[in-house]
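Chain nomenclature is as follows: A, B, C and D, assigned in order of appearance, with residue numbering initiated at 1 for each chain independently.
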């Protein structure tokens, strides 16, 4: 029942579903109780009594703990469901890496097998979200899902994902596919903003009005909110961090590792990655990743040094 | 008075301006005459009698000829204007390379000096357009302008550019800046579609649903019509040419040459360029530039070879 | 007492040193015994009785086991040395990764501290070799050393490294530095052969006599045995594996990971890496790494496909 | 009869050949006359009377002028040779670009046709040299030749190229092939030194002893005089120009243009090129091209700035 989870649960209650909530500290469940939700005392209690379960935890560790650790964990409840119970669907909306998703997915599957549930129905779905607490409140989240078609179909119902979000995609048959799809978007983001930086640097060196070039871009078929926003930061040389250079570079690095494992060349991402590393080298690791623009300058402008020093 | 020019002239007439038109063959001026336009028999006649002149020619050669060659050329009329005449503004809306823009601009400036015109008023403006004949008709063209602020201000009036387009930018003080700004957009386009190809290839190799990944992208802050359209071509492996691989690669090459001249590194564009060259090597020079996606495949799929053969 | 180790021990005996040898199976120590060496029954026995110890194991696992595992391990003997004993120097000549080198080095250091030895004398030295068994026999090995200056000086004596090799370098103060230095050479090797492939591909496409170009290169200030040998393979398109594509690419990947950790851009290695990945994609993973030349071809020549198929 | 040409002519005279020399100013031919050479008053006179002619001019302009301009030019003499004369071979040893070589070659061919000479014998050979005046004196030049096999065979005789050099290669059937082969070597040089810089930067950041790493490299199968020399400059950060950054970058640019024309991807050279451009951006255009090492630093070391300022 964090900022996101509480809003999501409220949406479910308001959709008319019968909802049972659990939270580590009981106090946070009060508002939901007031709305009409039942309150469980363990994750196990939730998975024993409900057929469609949503988890929304802060990080991979918490997601793994709630799902799998100890006698009160979610999988303990899954294993304990009677064979005659409806098939359970466990949807983890937390943002986790591919390995964590696979681990929890395997644990859920094993628990279903242990409980003699029909493995072709329900199951585990990784469904990390894109959006903030306002989207939770308004039901406008985006869900990036990885898992079986059966689990996806069971989750995409009026009293399920559809109550909380207005777009959802099944990106692949494995829980890790949700994380991998997110990584794909990060690759695109790193390359797009790196390319934008290259274009802006060339525009400036050409004596063009950068603001006008950016405005033409925004009005072209390539125009998109990210480029418009990041281009503005580049022109103003204001790199207050929204998403940091070092995080963007880490994602490119993970993607290059994935490309290597898959045997697919990724030369454009590799070139972009080197520019983000260069930005790190220029002490801009903690600046917004639009600061990759500085990698095209001979040196950090003197009047920006203290500022970037602070950022770092 | 080509497809574009005739519509543009008609917009000007309908805006209430007094318009004098010229065309190589007189026949094409008839409809304009019917609308109320005067017809001149040479470009010189136009530049002698009008204060704001728009040229819309098919290619750099035609733009240069009409403006500068022979006693009937536009500059001859400019030089012949009496010193007491209002300052002339000559706006060339043709799509030309930077060198042609500079050449014509210099000729116009020289003619104004020869005619003792005030060099701080009016002058030459390169103003190539983005848009088709429908945009000419509807007044929704985009103008990418290069030239002096005075020329730009003189052109951006209700009976001028504003009658024909709804967006215009002054990209730099030189006529060639319009062409250079266009090149900047082409760099961004080549890199964006190259990055998209890399992302799609990694998605496919990862076992992700490419259509879903593309759909998430389109719904994200990076979403834009170009990626949506080109991503679709990549998935369907249909590369009917809209803008060819060889043209996109040529533009990247020009941009890399410019970067070299300016002393600005352009490693991302250089990496993208190599992928377009690779696509050419795979006999895809005449396919749509979305075919850069094939550069990430071990080989051209057998069932696509004949098709790409045709394209080439 | 493997192929390398036995020859190295024999060199030491012949240098006039008093040598104690140990081998997992006793039989292999017989020839050394015949030459005058003493035979120990455990690694511990060697490190208890000798002041300068050389290990030459097959792989990281063996190097770690002999040095650190159980009561008979080398470190057990080091810890058991009386405080009055001369300081011991433990030189590991096995080829291991940086982490293994650091691990064994730490274990040796801890054992010395436990045995109250002077930590400023002797100690651990990683000293992997470059060269084959003939170099062992002839005393012409090259030693790439990582560790303290004290350990290096203690090892570089007539009855030590100098009896077995004719060149040795102290590359850094940490055991892992030997492995990192090796990685540096692998980076250079991957980039050099990648560049050679690029040059040969351009030469061929230019209609130049590749054999002549290669010969000029060999006769220039850039000439070196590696390029001469690999260039020959490229021209003959014979890629019998000496060092495989996948191994070279793995080393480039490790180096790119190191560069990322260090915050140093490595764009040339990244570009070369993508070409080796492409060679893997063309089913050349098990061909000699000179096969990166094929990454510059539109496709694998039909008559080479079966051959490369076998290789893979 | 410049520094090089005079020595070359002397070698020919001493080889026992009957030599006729020409120089713009007569004075410089005196020493040759003293050695026994005849002196001609125009290039035309030489090509009229000799069957094997060597030109050694300062630059492309001079090579073109002597060969083709005016009634005294070499081609005038070629055209004037009687049909019964032996076939002439015109060898241009000047360093020129591909276009100049092709131009002069075409002019010679046209003159031979005009003179009704057998086009299958003799002809034009571009044969730029590698080496200095000492090599001219000692007959140890290297000749990079481009032209027909017939011209090459006619030139490679004891009283010809073999008197002046000890290695020569026929790199291709066109005069421009000699220049293109030189460009290939320049590509290799730029990539090799760029890779060396990358390796040295990574070595330093890894805490390795750069001098030792470089020494290991020099003793490996990759060892070559260029890397040894340039590596030394990098360690000492002394970049007194031998061959400048801007020249090396220009050659890489020409090679990338060639690769583009040929449709061969050159991603490694493209990545290296961007590093040389970055060195230019750091005001190191006129430093030795080993200064590409600085492109891997966050900034130019303060104590080097004035020095590099001078260089630039």
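Just a few scattered comments:
Throughout what follows, contacts are C-beta pairs under 8 Å (C-beta built on N, C-alpha and C of every residue); 3 or more make two chains touch, one makes a residue touch a chain.
Please read these numbers as outputs of a predicted model, since none were measured by experiment.
Using the contact threshold fixed earlier, the set of chains in contact with both chain A and chain D is B, C.
In terms of C-beta pairs in contact, A-B outnumbers the other of B-C and A-B. One inter-chain figure worth recording: chain B and chain D are separated by 42 Å, centre to centre, where each centre is the mean of the chain's CA atoms.
Taking the mean of the C-alpha atoms as each chain's centre, chain B and chain C sit 58 Å apart. Chain geometry summary: the mean Cα position of chain A and that of chain B are 40 Å apart. Each of the following residues of chain D touches two or more other chains: 259, 263-267, 270-271, 274-275, 281. Chain B makes touch with chain C in their complex at residues 267, 271, 281-283, 298-300. On chain C, the positions that touch chain A within their shared complex are 249, 253, 256-257, 259-260, 263-267, 270-271, 273-275, 277-278, 280-281, 285.
Interface residues of chain D facing chain C in the complex, by the touch rule stated above, are 130, 142, 144, 167, 169-174, 177, 180-181, 184-185, 187-189, 191-192, 194-196, 198-199, 201-203, 205-209, 212-213, 215-217, 219-227, 229, 255, 258-259, 262-272, 274-275, 296.
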